[in-house]
Every structure is written in C-alpha cells, then in structure tokens.
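Since the structure comes first, as structure tokens, the remarks are kept for the end.
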Amino acid sequence: MESGFYGSSLDGNLKCKFEESGLANTHEIMEKAVRWFRSRSIFVVAYGTGCGAIEMPPTFTSRYDAERMGVVGVATPRQADLIILSGYLAYKTLRRVIRTYEQMQKPRYIMTLGSCPINGGMYWDSYNTIKKLDDYLPIDVSVTGCMPRPEAVIDGFVLLQERIRNGEKAGWEKYDENFEFYKENQKRVLGGHIDPSYETDWYNLKSGGKA
Amino acid sequence: MIFQIILLIMLAYVVGFIYFGLYRNITARIQGRYGPTVYQSFYDSIKLFSKNNTVSYGWMFYLGPVIMATGAVLTLVLVPVFSDSDFLRSVTSQGNLFVLLYLMVLGPLGNALAVGTGGNPFGVMGVVRGLTRLIGLELPFYIAVVGLIIAANSSDIVHIIDVQKTAGLNIINHPLLFIGAMISMVGFFGASPFDIPGAPQEVYSGPRTEFSGKFLALLMSQGSLFAFAKLVLIVDLFLGGADSLVMLVLKTFTIFVAIIFIGIVYGRYKVEQAVDFLMKLPTLIAVLGLARIVWFG
Amino acid sequence: MNSIFLLLNLLPILFLYQFGGALHVSLPLTSEFTLSLIQTPLGTFFAYLSLISFLLVTIAQKSKKLACNYYVLQFLLSMAMLAIVLAGDFITFFIGWEIMTWSSYFLISKSNSIDIKSLQKYILFSLASAFSLIAGIVIAYSFAHSFDFSVISNSFKDMPFNIKVALIVLFSLSFFTKAGVIGLHYWVVDTYSKAPNLFSSILSAVMSKMGIYGLFLVYGNIVGYQELKMMFGTILNGTDFGYVLAWIGVATSIIATFKAITQDEVKRLLAYSSIAQLGYIIAVIGFGTTYGVAGAMYHTLIHTIIKLLLFINVAAIVAQTGKNRFSQLGGLIYRTPVSFVMLLIGIIGLAGMPPLGGFASKFMMYNAAIDTKFALILIGMLFSGAASFLYCYKLVYGIYLGHPTSKNLETTKEVPISYLIPQIILALLLVLAGTFPGAFIKIINPILVEFSLSTIPYSGLGVMNSAVGSFNGFFIMSAFVVFFVLILLLITRIKSKAKNNLNRFDISYCGEVPTQDTSLHFGFGFGTDLYRIKFVNAILKRSSSSFYESLATQTKKTSELFSRMYYGNIHNTMIIILLFFSTLFFIGVN
Amino acid sequence: MSLGYYFLLPVLFSFLTPYFKKLGSFTLRGSSILLSLVLFLQTVAYVGVKLPQISQFSIKPPLGIAFILDGYSLLFLLIFTFSALVVSFYMYWFFEENSGRDEARFYVFFNMLIAGSIGMILSCDIFNLYIFFEITGICSYTLSAFNKDKLGLESGIKYLIIGSIASIFIVFAIMLIYLQIGTVNLGLIAQRFHLIDPKISVLIVLMLFIGFGAKAELFPMNFWAPDIYQGSISSVNGLFSSVVAKAYLFVFFHLFYLFNLGSKYMLFVMVIGAITFLVSEFTALNQTNVKRLFAYSTLGQLGILFMALSTNSSQTVSGALFHLTSHSISKLLIFLALGILIHKFKSAKIDILGNFKSGFLTIVLAIGFLSILGIPPFSGFVGKILILKGFALSQNYTAIAFILLVSIVEAIYFFRLTAMMLDKKRAKVTVKVGSVNYIILTLLAVLIILFGVYPSLLTHYTDLATNALLHPTNYLNYALGVGL
Amino acid sequence: MDLASKLEKLSLELVQKQDYLYSVTIDFERLESLLLSFLNEFGYITLDSINCRDDLEDGFFTITYCLQTEERDHVVMIQTKIQRENASLPTMHTIWPQAEIMEREMHEMFGVDFPGHPTLIDFALEYWDNMPPLRRDFDTLEYVNSMNPFREQRNDALDAKEEMKKKREAKKAAKLKAQQEAEAKAALEAQNNPSDEVKNEE
C-alpha cells in the first residue's frame, strides 16, 4: 500500500532516486503538480439515487456550467474520479453503489447531496433505506439541503478541489484502511449477500490483493 | 530522422490537445457556457496518466490501446506535413495514400480487439456500431480520395501536393470531392451527427467503457495525434499542403473549425440513419465530382 | 497413414521442382485424344499453390483419425488438380476437372453434418459447371479440330464472332460457378459449411482457385487479352469486357460481404467471405492490364493462404470445442492463445490491413483499377473492403473474445500441435508476403510474359511498385514494430498499480453483477443493425435460393407431368402406338 | 465353327434343360455357365479374324439362309455373350439363394433369349430375322413373368400384347417388302429398296419403325417398358437392358443404314430419340421404385443412342457404339448389384434400399452411376465425349446443348441415389456380397474403368463396327453371295 | 343497472361507492368463478389491480380485485376476505397476464401464497428474509432501529416541538428583553433631554 496522495504514478525507485540526488524537493513539486492536475480534472459519474438527480443537469449544462472547473460527466465508473449520490439509498441501491464505487479507479471520491445519505432524512423509519451512508462508504463531501441547489453543488466541487489540492486524506484511503469496518457494516445491512468475491483486489488488500 | 519524428509527434500532441481544448471551448460558447480552458484535455490526460490504478483484462486488453496508438503514430509519420521541405520526406515516400486509408482503420481494429477482450457487451456494441458506421462513412471519403488519385494519376501524396502548385488547389478544382470528404471527416472526428459508437446515453461509453487510467489517457493522446494527422491529410489533399508551421496551423485550424461548426448543430443519427444518409447525399455529391474527373477531366 | 500420405503429397512437389518448368508429357489415349501435360509459369504457380495447400492440410489431419479411403480420395483430388493446372489440352483439363468434382463430392459426403440436399446442390452445380465447360470445349473443337490449347488459341481469331462470345460465356459460366460468383454461388455456402471441417479449407482455398485458374487460362492463354480488347472494344483505359466482368465481381463481393456479416455459423461466414474475396479477383481479372493480372494473381495467393489459415483454425476450434456457431463460442482467447494469434493474423490479412500481405494484394488490385480509370469499380472494392471489417471482427470476437457461452469453453485446452504447425507456417507466409511484397513481382513477371503483357519493374524485396505509386512493405512493417515496441515500453513504464487479469464478470454493467447465466456475449448481435439500413436490407433479404428452388419445383412438376403418362394401362399404349403410326403415316405420305 | 452354333447351341441346351435338371441343379447351372463361356470364348476367337464371316446353310444366299458376322454384329455379339456369361454366373448365386425357384424354366428361356438375340444380329434374311425376333420376344415375355406374382404376370402379359402388336407391324412390313421386291434377303432388299414406290416405302419404313421402335422402347411406344422392368427380377432387367433392347436397336439401325434411309429419316429419328431421352430422364426423377427408375434411365440412354446413331457420321456413330457398350456394362453392373440388395431387403423401394451398408457395393454402384453419367475416368465419359465430338464436327450445337442439359436432369437422380448410399444418418444394414458376385461385379467395374482410362481397347472395335454399319458394301456382297 | 340485475341472480349485491366506483363482496369460495364470469360474461376485460388490506384485528386480509370494461367508464371492485395465517389465493396470471406481477408483489409484501404461480421471486426487495414488511404485525420501527441505528446526534434539539417552543420562548424573551431595553433606553433618553420630546410632540 503506497502512502501519500501521490500514489505510484511514479514508482518507488524513482522517488528514491529523487531523494538520493537531493531532488526530494522536485518530487514534492511534482506531487503538487499532479494534485493540481487532479483537482482541475474531475470526471463525475452521477448516480441519481433519489430526488437530487434533478439538480445535476442544471449543474452541468449552460446555466451553471460545471465544466469550466474541469468537472465533466462520464458514463462509466471505470473512467470516473467522483461519484455523486444524490439522495436516499435503499438497500438494493446501496449494493449497486458499492459495486460502482469499487469499480472506480483510485483516487476516487464520493459526494452526496441532500440529508438522506446523512441521517435518512424523511425516510428515517423506512424498512429498506439506510440512514448513515458513511457507515458503508467513505464520503468526501456532503452537500446538505433538501435538495441543494446547483450553487451548493458547485460549492461542493470547489471544496473537493481544494481538498485534493491540499493533499488532505481522502475517503478512498480511509476505505482502504478501515476496509474491515466498512465491509462488516455492508454485510450487516445487506444480509450477508455481498457481491461475489471476484470483485477487485480491495477485498484482499492485506493479502497482497489477489482475487 | 528520428529527431524529426519525435518533433513531429510532440507537435501533433500539443496541437492536437489544444485543438480539442478549443473544440470543447467553442462548443461551450455556442451553447452559451463559459466552457473549460483550452488546456483542459491536457489536464485530463495528465490526470489519467497519474491514476493510481488501472484495470486490465489480460494481455490483449493491454495491447489494444498500444496498437491503436501505433496506428496513429504510423499514420502521422506517413503523412507529409510540410510541402516544400525535406522534413521526413524519406519516410513519407515509403507509403502512399492507400496505405494511409487502411492504416487509419488498423488502430481502431486493434482497439476493438481489446474491447472484445474486456468482455463488456456495451463496448462491443459500440465497436459494432462504429464498424457499421464505417460502411457509410468511408464511402464519400474513398470516392474523394480515388478522384484525387485519378486526377493526379498517382497515389503519392507529395505528388498530389505538387500537382496543386501548378493546377490550382483541389478545393477549387474539385469542390464536390471536398464537400464529400468533409462530411466524412465530421464522422472521423467523432462529431455529431455521426458520434454513434461512443454514444453515452445508449451504450455506456461505447468502446471506451472498460478503459481507465493510463489506457484511457493513451487513447486520448492517440486521438489527438490522429486528429492532427487527419487534418494534415485533408490539408495536403485539398489545400495544397502547408509550407510553414504558421500556414500549417492556420489551414488545419480552418478545417477543424469548419468541422466543429458542422458537428455542433446536429443531433445524433441512429447508425442506420447515418449510413443511409451517407450513402445518399454525400456519396452522390462525391460521385458527381468523380464523374467529372473520370469522364470530363 | 497420415505420414504415408504426407510423403505422398510431398512427392509431386519435389517432382515439379525437379522438372523446374520443363515438364512436357504427352500420352495418347485413343487415336483422337492425347493427354498432354505442359508446365507453364501460370500452371506452375497454381500447382505449387494447390500442392502446398494439400501438404499443409494433411499435416493438420494428423490429429484426426481418418480412414484410408479419405486420404486416397484426397490424394486423387490433389492429383486431379495437378492435372488441371498442368494440362496442355482440354481433354486432360476436363478429366482433371471431373475427377476433382467427384472425388471432392465423396470427400464432402464423409462429413457428419452433410445432408442430401447440400450434396445434391454441390454436385449439380459442379456438373452444370463441367457441362458448360465441355460444351465450350466441343464448340472450340468444332472449329479447331483439336483439343490442344495452343491449337485452339491459334484458331480462335478465325472463329465467327458469335462463336467467340459463346465460347467465352460458356467457359466463364463454368469457372464462375466454381468460384461462386453471385447468382451461381447457391451451392458454395452450404457445401463449405457442411463439408468436413478441414476439407472446407481445401474447398475454399484451392478448389475455388481452380475456377480462377480456368479464367486465367481462357482469358489469358486461350483467348488472349489482346484478342479480348479487339473483340469488345475499350472503355476508359480498359476493355468493355473487363468492365462488365468487374461489375460482376464487385457485385459479388459487396453482396457476399453483407451476407457474411449476418451469418451465425462460423463456416458459413467464411464461405461468404470466400465468395467476396473471389469477387475481387474476378473484378480485376478481366482488365487485361499488367496490374489487373498481377493483382488477381497476388490476391489468389493471399486468399489461399488466408483461407487455409482461417479454415484450419476454425476446424481446430470446432474439433476442440464441438461448437460451430458464434452464439455457442466465445471467450477462448486465454484458453487457446496461439490459435487466437493465428486467427488474428489471418483476419488482419483478410481485412487487407497494411503490415500484412493482404494489403499488398489489395493495393495491387486498386492500382489496377486506377490504371484503367475504373473509378466506380474501385469504389465498390473499397466499399466492400470497409464492410468486410465487420465480419473480420465478428470472426475474431465471436470465437475468441467476449465471454464463453457454455461451461465447457472455460476448460478448453489449446488445440493440438498438428493444427498449429500449418497455421504458423501460413501466418509466417502472410507476414512475409506483407514485408517483402517485391518478391512476388519475381513470380508474376514470367506469367505476365506468358500473357504477353508488360512486366512490373522490380526494385528491392520490400518494395511493391505499381503504375500510380509504390510502398515499402519492409519499412512499414519495421516502423510498425518499432513504434509498437516503443509505445509498449512507454506505457509499461507508467506503473499505475494495474490488476492484470480481472475476473471476466467484473465489468461495468450499470452496477449490476452479471452471472454465468447473464447473456454477455454479443455474438448474436452482429449485423442486426444492417437490416435497418435500406440499401443493405435490400441486399440481405434477396436470395438466389428462391430462384433455384422454384427451378427445382418446376423440374419436379415436369417430372410428375411426364410420369403421369407412364401409368396408363396397356390399352392406352396400344391406342397411342396406332395413333402415332397413323399420324406419321399421313405426314409421311403427304 | 459355323456361326450357326451361336443359335443351335443355346437352343439345344434349352431343349436339354429338363435332363440337366434331373442331373441336379449344380449341373444345370454349371452347364449353362459353360455354354455361355463357350459362346463368349468363341466370340473372342472371332476378334482379329477377317470380317465379315458368313455361314450359309445348304443354299448359297441370296436364296438360302445365312448368318453373317461383320464388324457391327461382332461388337454386339461380344456384348451379348459377355452379358450372358455374367448373368449365368449371377444366376448361379441367385438360385443358390432362392433354391425354391423354378430354375429349369429360367434356363430354358434364358438360353433361348440369347439364341434369339444373337440370331437377330446375325441373320441376313428379313424373315429369319422376324423369327428370331419372335423367339426373343416370347422368351422375354416368359422371363418377365418369372416372378409368378401379380406384377410379374401383369408385366408378362403386357409385354406379350405389345410384342404381338410390334410383330404385326413387322410382319406387315415384311409382307409389303416381299410384295414389292419379291425377296426377303437383306442384301437384295437393300439393293432394290429405292425402287419401291415412295409412298409404299414410307409405309414400310414406318411399320418397321413402329415395330422395332416399340420393342426398342422409343418414346411414344414405350409406356409399357417400365412396368416390365418393375415386374421382373433384376438379372432379367439387366438382360433386357443390355441385350434385348440392344438387339432391337441393332436391327433398327442395321436396316436403317442397309436401306440407306439416313438422309431421309435422320432428323426424324434424332428428334424421336431426343424426346425419348428428355421424357425418360424427367420421368425417372419422380420414381420411388429402383427398378422402374433404372428402366427409365435405360430408355433415356437408348434415346441418346438413337440420337447419335442416326447421324450418319462415323465419329458420332463410333462414339455411340462406345457409349452403347459402356452402357450395357454399367447397366448390367447396376442391375446385378441392385439384385443383391433387393434380395436382401425384399423390396425395390429406394428409401428402403438406401439403408444398406457395404463399402464394396457402394463403390461399385458409384462407378456404375458415374459411368452412365459420362464422368471421367469411366468408360461412359469416352462414349459421351465421342458423341459430343461427333456432333461438334457436324456443328450440331443444338444436340450438344440438349444432351448436356438433359444430362443434368439425369445427374439429379443418380446423385440422389449416391447421396442416399453415402448418407450416414440412415439406419444401416450390413449386406454381404458372395464371392461369385464379388468377382462378377469387380470384373464389370474394372472393365468400366479400363475402357475409361484406356479406351483404345474398345475404340478399335467400335471403329470397325462403325465402318461396317455405315459402309455395308462388304456385308451386302456377302448377303448377296457375291464372291462365295 | 344491468350488472346489478345480473349479480342479483347470483344473489350478490352491487354497491355504488362513488359515481364510477362499484363494489361487490363475495366469499372466498366463489371468488374464482365470479372473476371468470366477470371476464367472460360481463366483459370486464381489464384487471386494474389486486390490492390487499391487512385487517389485523379481525384476523383476515381483505383482497380487492379492480376490474374495468373496455369502455373504461367505471370500476368494479370485487372484495373478498381470506384468513391471515397461511393466506393463499388462486393465481390469475393465466387469465390476466398482468396479474403475475401484482401477485408477485403481494406475495412479497404480505406473504400471500399463490399456488401455481411461476415466478414468486424477489420483486422490489432483495434477499428479504424477515416477515413480509407490509403486514401490520411487522414492527417496522424495531426492525429499523436494529438495522440502522440513528446517527449519534447533538444532545440538544431532541424533540422538535419542544425545541421549537424553546426557540419561540427564547425569541419571545429576546424580543421582550429588547423591548424592555428599548423602553428603558427611551425612558433614559427622555429623562436626559425631555425638551426634544416636547419638540417632537409639537
């Protein structure tokens, strides 16, 4: 497990070489540069789970134009950096969201809209809606409101970009570190019927990542 | 020669990305948006290259984007960039227009193998749409190219450029062929109304569904190289080539903007509509141009 | 058994090599007939083509337990083909032709999937072809009073014009049937797909080429391209005759290409592809120019290599898995990687992509069309080439990529080595043909001299010259390899932590989790778009089968009508005899 | 040996048959084989002898009776005696298997049939000809009714009626000839035939045509033929196909060229032959009974022969004679092989017969089929190509086109049968071929291939026969007794 | 109405609920034959819905079939009662295909069994192994609390009403205070310069 935000876009040897030749500074600069590029280009897969889905089109189209910040919608989780969950999550949805999230490539972020993913919102006593999404998946940015307007969503983007740029610890790292915790919670609520174990290596991170 | 090739690739990389940035920017402005910066595609590419993870479904999946990139680079190298200079002339003389026509398809076919290996049905659906579209898309372009070859009596691009010096530009001499080729070009650039293969609303993201990280970055980079090569090819064929970098940028940019403006105002065709359309009007236009060359030239 | 016949197949090759172009045998059959064998450059080319094909297929047959009579018939077939291509007169030619017909018939009947209808189709079309041929032969004989090629060729100029046309039409019909020109291709698809899997490769790669050889023989040797030009006049820079022929060929290749895309059975796709590729050859064979002939020859060579490769590959897969449909196969790439690579090389050649031999041959044919200014013909060829990418991709995807559609595909092992050896040889040949296209010029030039056409300038092994441009196959191949390696190195240097062999179900599937039962293989879906395109739909929904079936029905009706006469009783017979007698009598007396 | 023995020996044998029967069936069969062998060897002995040969009985022709053997009849004699030999061998097996059958009756009429047929081709006297014609006819009727079941008897009676009608016409024709010319010697008739009043001569020709045509199974008169084939046993079918029909054909063309009718009636005979060919081949397509099918096939081939033999060109006629020989051998082969199958399956339905499994029979039958279709390297090919070549030399393209087109129709049913034999999906029944049949069929197949790859063996005799047929000067001289 | 008379013959009563809505109540044994006759004889070709009501206190489910004719001008509800325990109904999917999915949902939500139904599998829920959630004896709150604990929240604002009251009171108090302060201030100011006040009054 590589440490730090920068990951392995340059391999360890190169990093060592930088340090050996007294260029640790260069490495830092490059890391900063990569973080800046990452913050400037965020591919979003918008998972319209609830009523918040309606807020996303205006966010990305002419009126509010998220693209000017480099935030672009993509279709598949493989290409995405950010998944937006825009409302309450039923158990059935949660299963799909987990799968989608795990198919995204690191670094990856989650942003939620509305209060339902935070505390269940008006579905607090439903027999099939979860109340605390952060028990199951690590959330990077929660935009509250019912529903948040596009301005708020864009504010969320800005916040996320700042966090990326600053190199703060992101949700996906927490997910990797507390993997057991998240999986246990998922198993509890999904009745043990977790998706097949062929998923990806994050099921067996400790044992070398072999499926 | 090697230095020149590297220079060319870098040039194409930069120019291609800036063009794509402009493409997004102009599109945004037409839609009444502010739009991303011109360098946005470059950011995207760097970001994708610096992704921590990349999935792969095996060696064929790994090689697909590489084959695609190879095809693009080879195409780029074989297209004469400057008309009156020896720049890479020894390389470009090894191929001809037919080689280019087929090289342009080699890359996508290689990538299609990777898509198939990925096993995502949406990806394959995209590939099949792309190949089906190709049936119609290549027709006007082929006719235009054949017309020019017959007019110049040579499939050597340098010769076609040289002919234009004395006989006048092909865009003026053979406007019908130019129109046909341009309609095809809109499709080759993946612009509307022919952006069928990657249609995100219908087939996920088409052929690119499973590609992530560095593979996606490689595909994007080769896309910009390839776009540049195609633009240069059109400039060579119809605008008499370019003798300096300024002219090259100017001419390619003109063509590029024309393609953007065609593409931006249309919705997407269905694949059968696209082929049907391409088989009718553009083909007819191009055939008329061709008939003029063959029978009255 | 296999080894014996392997050696036996090797013998004629050595024999030919030994004679080195000087073979001339004549054998009196009766007072009127003499069988003569003459080795011409053209015949030698085709002889090596067929003999080496047989050799390779025999190698592939090593792993199948075949009966002796199978090998005997196959050897007979190869000898018949040898007789055809080395024949110095029409009787030898025809005897070879007919032996080829029936020996292949018996070979086809050895298949497990063959039915009477397909067999009947095959033999009737073959016989129709043969009878058309013999009709031409006897008509030619009636003027030349000899069956000898040279004699007929010499006296051809003196024949009346309508006889000349009749001869050309009869011979063309015969050879078109063998090559499977559209309209006469009714038998091809069923036969190729239902014949024994390995034998299909012979049918497609070699036997159809006998039709091409016949066309070369008639147009080039018997009639002569000069004579064709004089007979029919010229259009643009080519002959009228060539123009008509070219349209036939192009129509064949376009129609067959679209039909190929919509097939579900692997071998049916290959059969249609074969028809389409022969369409190219027929399109350029009549041009009567150097590059027309050269293009046709080169494509003959390349198509033989490719189709042998593909059919052997498919035969191996069918033998290994027991499945022969795209909807039943899939996902074999990591089970049979070598086969995959071989098929990949094959389809790159089939699609005519640059670094391999397929491009060189197509380039030659395109140049021929430009040379004669047959622009629309060229467009047609390019168009059908563009459409052929679709079936090339279907072939490789349906078998090797995507997902396995049944359980046993996941445990399939690599095909036996005996299947792989010929494939590897052929793939190497294909790569060499693409890298050193100039080598072919050396083979073709003697044939061009034989047809009294101008030769192609030779400038190095790697360079393919033509009238309107040249390309350096060696350069393109090496540039491709270099760039490929460089980019591969670059991309592997970027070490983002890649998980290499993902489970095949771990795909972006809208958050869903596909299982074994989910239909993920797209093998069914190919070509469904085509039905919605008006022009293509018009092609796809038409079929020659309705015509031939109505012909069969009419024959049956006629037969019933006639046989009704024969169920009369004896009284009627007597009355008929008397009536017949009296009628004749009155006619005779008056 | 006098030519008369060709007739006398079989007749004698026929009369002695009851005695042989008493000595045991083996003796009967064996002696019949011996007889056929003697006849065949005797014929072979004539090969190379200067022809024509004549045997006169007591009085010199033209007054007396004589047998004349010229090239034309030698060829037929070879075919007939060979066929007889093969059939005798085959019948040895047949009666071994069907021991209850009335073999004496068969041998009586079989040998008489051979005698009659040979008599027909040797006789140089039109009245004797008629007698042999009748002998052959009567034997045919009885043989076709050898199966004493409904079909057999029906076929016998039908044959009898048709035979009688044909006889009436022929007798009437002979009578007219005798009235006009006053002789029955063929040589004299040939010499004086042009003297007859044209109207009468038309009548005579027509009557002969109807008479022999009806027996030789020409188109409008052949509605009876398939019934006969269907009713009788397959060896008899073979005999009908390769001996009896050929004998009538022989006489037809013998008279045709002797009376020099070629120029006048050539087109007519050709057209009739063509129609026969066409109708028979089309009809054969629709058959479910294998005997009937091959009956039609025989009719069709006779049609081709009539087309080709009437052309008066030595090329075509020679080809036709080659084809005739090869057809006789092939049909014999086919009928005998089918006989084995029919014996095994007790049925002649194609669907049932297709179920046999025997590599040997498959190969042999396939050779027979391919040969009849005229596909190299089998003997049929040489015949057919010679015929086509002949037509080509006379630039008769219509005939060529016609023959080739109808041959495709012919191919349909031949290859349907072949495909049925090769069909792996059928429930197969293994058929064992006895050693006698094995030898016979192998011999026939080898002959077919031999004549195919080395036609010179046969072309020599067909050329001889053609010469004798088209230029019967020598024959006429002998028939007239000149130079005896 | 025509239907009423027809039903009277079957000794059933047609009750008009609203101007387009009628209802028939029937016992469970005659349900199937009645539905069939509604379809075949009375022309009610469309099955709108099958509904279930849980009458926990009385111990039965009330099942309602809503039917319409081709004219779509009125709806007839056919109501029947079945016992709650081991509830079972005849499947109607062979007659009305749309019944298949309705019955599937009812099976999932109420646990009603449909013998002969081909696809009684998960409908909206996945892997649900508890009591069917819409039965009234299913304690939703308890289930939710066991599955999804509340977020640990701030200890204030536990009860919204009280909180609002508090808020209001605080507001009131603040207002009052502000008022008092203002008054005090005014008084103070009035004390300091009374002349101004006078001036104003003038």
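Which chain is which? They are A, B, C, D and E, in the order written, and residues in each are numbered from 1.
As a convention for this text, contacts are C-beta pairs under 8 Å (C-beta built on N, C-alpha and C of every residue); 3 or more make two chains touch, one makes a residue touch a chain.
Computed from a predicted model, the values in this text were never measured in an experiment.
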Exercise for the section: Determine the set of chains touching chain B that also touch chain C. Expected result: A
Handout entry: Minimum number of chain-to-chain contact steps, chain A to chain D
Key = 2
Practice task
Mind listing the chains that sit against chain C and also against chain D?
Solution key: none
Exercise for the section: For the chain pair with the highest number of C-beta contact pairs, give its two chain identifiers. Expected result: B-C
Problem - Chain at the geometric heart of the assembly (C-alpha centres) - result: C
Completion exercise
Rounded to the nearest Å, the gap separating the Cα centres of chain B and chain E is 59
Fill in the blank from the handout: chain D and chain E have mean C-alpha positions lying a whole-number Å distance apart equal to 100
Exercise for the section: Can you check how far apart chain B and chain D are, centre to centre, with Cα atoms defining each centre and the answer in Å? Expected result: 78
Practice task
Just give me the whole-number Å value for how far the CA centre of chain A lies from that of chain C.
Solution key: 57
Problem - Multi-chain contact sites of chain A, meaning residues that touch two or more partners - result: 2, 7-9, 76, 78, 95, 200
Problem - Residues within chain D bordering two or more other chains - result: none
Problem - Residues of chain B whose C-beta touches two or more other chains - result: 49-55, 204, 209-210, 213
Practice task
Please give all chain pairs that are in touch with each other.
Solution key: A-B, A-C, A-E, B-C, C-D
Exercise for the section: Show which residues of chain B lie in contact with chain A when the two form their complex. Expected result: 24, 28, 31-37, 40, 43-44, 46-47, 49-55, 200, 204-205, 208-213, 216
Completion exercise
So, in the complex, the side of chain D touching chain C is made of residues 157-158, 161-162, 165, 169, 199, 202-203, 205-207, 209-210, 214, 220-221, 223-224, 226, 279, 282-287, 359, 366, 370, 373, 375-377, 381-382, 385-386, 388-389, 391-393, 395, 397, 400-401, 404-405, 407-409, 411-412, 415-416, 418-420, 422-425, 454-456, 459
Problem - For the chain B and chain C complex, residues of the former touching the latter - result: 49-58, 60, 62-63, 65-67, 69-70, 73-74, 77-78, 91, 94-99, 101-103, 105-106, 109, 112-113, 116-122, 124-125, 127-129, 131-132, 134-136, 138-139, 142-143, 146-147, 149-150, 153-156, 159, 204, 209-210, 213-215, 218, 270-272, 275-276, 279, 287, 290, 293-294
Practice task
Within their complex, state which residues of chain C touch chain A.
Solution key: 494-497, 499, 502-503, 505-506, 508, 510-513
Practice task
In the complex, go through chain C and note every residue touching chain B.
Solution key: 236, 331, 333-334, 340, 344, 348, 351-355, 359, 362-363, 366-367, 370, 373, 375-376, 378-379, 382-383, 386-387, 389-390, 392-393, 396-397, 400-403, 468-472, 475-476, 479-480, 483-484, 487-488, 491, 494, 496-502, 504, 506-510, 520-522, 525-526, 529-530, 532-536
